[in-house]
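Comments concern the structure below.
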Amino acid sequence: MDMSEKGLIITAAPHLRDRVATPRIMQVVFIALMPAALCGVYFFGPWAAINLVVGVASAVLWEYAIQKIWKFDITISDGSAALTGLLVALTLPPAVEPWVTALACLIAIGPGKIVFGGLGYNIFNPALIGRTFAALSWPSVLSAGYVAADGITAWKRGFDVVASATPLGLLKTGEIGATSLSRFYGPLFFGNVGGSLGETSAIALLIGALFLLFAGIITLRIPLVYLLTTAGLAMLFNQDPIFHLLSGGLILGAFFMATDYVTSPIKPAGQIVYAVGLGIFTFMIRMFGSYPEGVAFSILLMNCFVPLIERFGAQKRFGEVRNRA
Amino acid sequence: MSAFKEFKKGLWAESPTFAMLIGMCPAMISSTAVSNAVGMGLAATFVLVFSNLFISALRNMIPDKIRIPCFIVVIATFVTIVDLSMAAYLPDLHRILGVFVPLIVVNCIILARAEAFAYKNGVVDSIADGLGMGLGFTLAVIILAIIREPIATGKILYAKDFGFEGIKLIPAKFAAALVDKPVGGFMTLGFVLASINGITSRSKKAKQASAACAAKEV
Amino acid sequence: MRDFIRYGAILTVICVISGVSLAFVYSKTSVIIEARQAKEAMKAMAVVLPSATDFEPIPAIELSAASGGAQGVVEAYLGKAAGSTVGAIVKVESAGYGGMITMLVGMDTQGVCQGMQVISQSETPGLGANVKEEPFYGQFAGKKGVLSLVKEGGQIDGISGATISSKGAVAGVNKALNIAKALLGM
Amino acid sequence: MKELFIILLSTILVNNYMLARIMGTCPFIGVSNQFDTAMGMAAAVIFVMSLAAAVTWMVQYYLLVPLGLGFLQTVSFILVIAALVQLIEMIILKMSPTLYRALGIYLPLITTNCAVLGVAVINVREGYNFIQAVISGTGGGIGFSLVLIAMAALREKLNTAPIAKSFQGFPLALIITAQMAMAFLGFSGFNLEKLFGL
Amino acid sequence: MAVRTFVGGIHPAQCKYACDAGTVTAPVPARVTVPVGPSWVGYKVLAPKGTEVKVGQKLADNEGFMCVPTHSPVSGKVVDAKPYRAHTGLEFLGITIESDGKQELCEGIAPVEDLDSMTPEEIRNVIREAGMLGMGGAEFPTHVKLSLPQGVKVDTVVVNGGECEPYLTSDHRMMTEKADKVVHGTYIVMRSVGVKRAIIGVEDNKPDAIAALTAAAGKYQGIEVMPLKSSYPQGYEKAIIKATLGREVPPGALPFSVGVVVVNVGTAAAISDRFTTGLPLIKRYVTVSGEAVSRPATVEAYIGTYASELVELCGGVKGELGKAIFGGPMMGVAVPSLDFPITKGTSGIVLLGRQQALFWKEMPCIRCGRCNEVCPMFLQPSEIHKYALAEDMARAEKLFAADCMECGCCSYVCPSKRPLVQSIKLAKQYALARRKK
Amino acid sequence: MIVNSLLILGGMGLVFGVALAVAAKLLAVEHDPKVDMILGVLPGANCGACGYPGCNGLAKAISEEKAPCGSCLVGGSSVAAKIAEIMGVALEAGDGPKFSRLMCAGGKGIAKDIAEYKGIDTCAAANAVSGGFKACSYGCLGIGSCVRECPFDAMYMGEDGLPKIDDSKCTGCGKCVSVCPRKLLALRSAEEPVNVVCCSKAPIPKSKQDCSAVCIGCQICVKNCPTSAISMNGTVAVIDNSKCTKCGICVQKCPVKCIHNLFGPDSDLRVEA
């Protein structure tokens, strides 16, 4: 009764909206990451499972706590915090001590997102801010977290872990040569190789990526240009391009993090510039930097320049005739 | 009396680091440890006091058009004195602060005080101002260092020059090495500034509210 | 015209005063600084070769002859105690992960490594940079022969996650020991 | 040639004066809130840094070294830089009052941009020859400008964000700087010699 | 070849409930309020309070070029002639007539016999005198559209049968039932601008309309029926020109700048009516639809009939009424109540239930770029929106806010449910106001 | 060494001192010292209420005599006097300080809402949607864009859903006036306290159902004003303040209570309400 007294609702047009909503997008990305997460759990054993749970739960908790303390609106229901937590866990070593995951999530959610005004305003990919902070703060703890990917054996071992190096790490230390790396193709493709929790299994990541493509969440522009640039540079420098494509976090980064709406350019031309930059930085850091992997750094680096990229490039209006000088 | 006021303002209300946001580079570098903070802070204070003293004493002589070169020569002289003395007597600190000791010259605080205060005020006030600003800077850097040092190293008050081993606060395993880097400095200063903003605005609001209540009662 | 002279003169006067006072301070402090630097160098040498009390630099020509043209040899000293040679110290550079690791290695006349100190390095903080920490460098004292990492069946525990840095350091020590042996005529 | 390229790339990316060496924070934070101002400042910094590198190199190797007056480095460098900046300031004021207004108080403060003195001191420490020193100065200026402009674009983008009151302005700018610096740590230990096959 | 269309746009659920329901002819209403317009300022009321009027009698007129006369849809007595608050919230002059039910025709209402001997000027004059306005919703005077500036040549008439708004079926019904009239009206329009070619663009989700029109068009030379892809906003003037002819109308320009005149199918049929029966524009097809209508249908209603009456005719409100929209759900105006008369441009009345109408939870923009992709004007809605909300209108204007035609695609697709169009509209208003200065 | 350093630094000082002196002569730029002086007097709020880009812009305009000395609304008469002193001109006799006042009494329970608005939370946006959610298309929407616009925190929303002004903070800058889409705010000085607080241009007779405080155009005030200060301007009464004697008769007689004394209680007027 009270409602009808208020009269009808008036709003500006349009009066219909599409069903796709932001929380739904987050859910879809979350689901698309599940194959990779499950692969990680299978190959790396119980610590991986614990880290995944700690990542997701702590990210949501941190977001809730910070917003509660600062008296902001609580936005955990939009699903972005859970997704960030998942990504943090997936980009960290599988058997890293869980306190690292939790603290990385704190950095991701606090300085990485909420201080900028929350979802949609952050400049850097929050998950990578968290991950990189952890990697630079506790390097030895992290390096101890890379464990052998043994599948069932890993589960049988339980919480005792066997340390293992990542293929890119071996390449960097010169323990494997730069060429004829084809023996790694199989493990890299299926995931039974050392590496971060969610980055090792190319097939699982590609299944998720296909899912995202079909759901219309991402387009191929950024990932494809990113991967091609990296592969092209690898060939230019006499490296094995397939090894470079499959190893490290490249596929995870290209399909799930470089395509993050908030921190990538909107315009197609800008997206291509962004993706080329990602490819160059990734390959340069892998080859000439002091870190074995450069995906996280290169995404953060290009994030710095997104607004700058966005400023350039004229806009073509409908029906506009360019002056032919 | 006025000299005391000039001294006091630099400590907090017009703190060069927290209120005026100048001289941040040395603050970033030296706030990695309390001992470094004290060293850098006192060095800057020394330079500030003496440059303010000389500039205010000479202010009637220095023509407006060449005041900046004059200021900077005076400042650079004292900085070099500090640099040489530090290298002689506190070598470890000198090594950590490295290139940033000569760069005290370009610490905006010093030139800014010369320009904004010493050039316009008397000798006593200028010394007070220099001392206040210098100690304000020192205080700010120490506050930053108190936050950064334990997070970065797990210990506090480590000072090799004086043989302090430091007090252990958290296990070394948890120490976040990144906080030792400028990254941590910027982050810490950002959060400290935000907290100061938050606290002052809250206390301002509380003051306003109490004033409003008082007004109502009348 | 008056301004030209006045401006020039004022700035000159200030500069002159500055120059004179700085020269004075420099003349006072430079002595102390040099003395201290020498003392520090001595201290580091005393750590890597505790038995010696006196260090005698080896001329460059002699050193290059002893090193047989090896790269990255910086300088070397003979350690003396009560007039007799008790060992040698060699300062070498060895390629690490992020750049050159410069280190001081001491060896006694028996061919036993007496200690190693990292003078400068640019390794990854928290990982490779740990070469300058006691747990790593402390392992070298008392070791003899050609050293290698445990991983390769040797005696030195590498820093986990920093194989290149550890290897570089070990290679540097081996190089220094070789030169020291040559210097001591072993 | 390769060597100069390495110096250039190194000063722009690897040893970026702002993000890796932490020099010039005050103008970086102060001038980066407006894109257009940042562009003006960027141009000024590149110019002043190149010029300062050149002039201080000459001071060092033609005056101080022959006379054994290394301890006068700081005083003489800063004197040269201050005087040059002031001359440039006068010229800009005369030629383009608009540019002068845009840079406002920051033009004299370029004098106190540590990066300018920093590049002079570092050139000497690295033992660069004249051309290398100038390249290093220009590269330093470009590197500083690059991050300054990127920062200005970032901050302009954040103008419309619902940032908590206490974080608005400097605190957030510092936190962004921290995160940018973290991203630039990816370049640390960059082996540019290897890139150019040296 | 793929079905022709434009770039961008969306595919909302069609919800064309009234499509198969046929057309209901509304009874003569007891009371009508005829809006005088488009802008009532300066209109001379020819039938003041108390006047007895007949069907088709001129009620008000204005000499101005942009003005057309208003005619009485009923016979009866004028009981009021004063400004009223129209459904858009603007004040309009409304002439309220109480019907006597006799529907006596006014003297002088007669068909035009000698169309072929008329000059374009004369045809345009007849159209103006009949009070023709664009019946797609914009209510732009038809004779103005047909009066080309000197030196401008057009080669094609595009008849807009792109009824892309969900729910609405009035044009669809019109094209199916009165295909002959649409085609005849098209022919008259071609005569009035002196072109030999006309394209009737119809979306391919209306096969029966395409069939009927194709059959009717066979009688004339140069009239082609072109199926278009069913996509929103296919019925937007610039979009349909792009779809049918591949030409892009420059920003701020009118269709004649690319040699085209666009008229709505409803307008074409009304023009035909005027020439064949002599009646001015007093009736139109109105779709009454939406989840909150009992029996959705297309109604042939008299201009000035109150919306509440039309809703009653369709079985009244079903469930709890949340929102009533004049026009389609994408561009229509939400009205505070049903107590408003329909105008010449009211193509539909859409009623939504309260649950359906409740606002979506607004979330921050995540920069997904969907709005950019769908914008048929190639704008960057998210950016304009950002600046408009920050009241940085100058910057919003620089991003060409004024090009926006408020189709609503961006708001529709926005996953964060942001009020993009509303904010862009504010920026646009600012831009237009500034331009006037 | 001492001599060398003396010569080097002294020489450099000489060179640069002379160079700067020469440059100062050659590159001298005309600069009006008045600008700085005026800038020193201005409040420095950079509010833009004067229509110039910040205080700097106004100072320049005043120094070039493009703007009158009293252009700074925020600074009021004291600042105007100081500027006039700098400029060496006599200050024009102006009226007292002005304050913002709302010319609508249609708050909650007085003016009716006809619909529920959802959308962008500004008055301009709400006003553009179907003519607003209020029955009266001229009354205050009560969303508070003016409150948010006020640079001096002088406005707040009252419990009746209308904006209220804190005169101790209001500087009469007029920002709120310009932001109101319905032009309901006006600047008034204490010399012009009696006002008709209704702006409805709806045709007479108006529906009192929509708003009980709407000026119904009855002209009782016009007839009763002893100094003929009230007249009808279209559909609402207006008071000519130059003729108003603040007698308060109109306030008392208005049948819909839409004539208010906007500065203090009605008892300030000579005739008690």
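The chains carry the letters A, B, C, D, E and F, assigned in the order they are written, with residues numbered from 1 in each.
What we mean here is this: a residue touches a chain if its C-beta (ideal position, glycine included) is under 8 Å from a C-beta of that chain, and two chains touch if they have at least 3 such contacts.
Quick caveat: nothing in here was measured; it's all calculated off a predicted structure.
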| item | value |
| --- | --- |
| If a chain touches chain B and chain F alike, it appears here | A, C, D |
| Chain whose mean Cα position lies farthest from chain C | E |
| D-E against D-F, pair bridged by the larger set of C-beta contacts | D-F |
| Intercentroid distance (Cα basis), chain E paired with chain C, Å | 87 |
| Chain A-chain B separation of Cα centroids, rounded to whole Å | 40 |
| Euclidean distance of C-alpha centroids - chain A vs chain D, Å | 33 |
| Distance between chain centroids, defined by C-alpha means - chain A, chain C (Å) | 44 |
| Chain C, residues touching no fewer than two other chains | 3, 6-7, 10-11, 14-15, 18-19, 22-23, 26, 30, 97-98, 124-126 |
| Residues of chain E touching at least two other chains | 333-337, 359, 364, 389, 419, 422, 425 |
| Chain A residues counted as touching two or more neighbouring chains | 7-12, 111, 115, 117-118, 121, 133, 136-139, 290-291 |
| Each pair of chains that touches, named by its two labels | A-B, A-C, A-D, A-E, A-F, B-C, B-D, B-F, C-D, C-F, D-E, D-F, E-F |
| Parts of chain A lying in touch with chain F, wherever the complex brings them together | 6-12 |
| Touch list for chain F against partner chain A, complex | 113-120, 125, 128-130, 133 |
| Touch list for chain D against partner chain B, complex | 19, 22-26, 29-30, 71-75, 78-79, 82-83, 85-86, 108-109, 111-114, 116-118, 121-122, 125, 164-167, 170-175, 177-179, 181-182, 185 |
| Interface residues, chain A side, partner chain C - complex | 136-140, 142-144, 163, 172-175, 290-291 |
| Complex contact set, residues of chain A against chain B | 99, 111, 115, 133, 136-139, 141 |
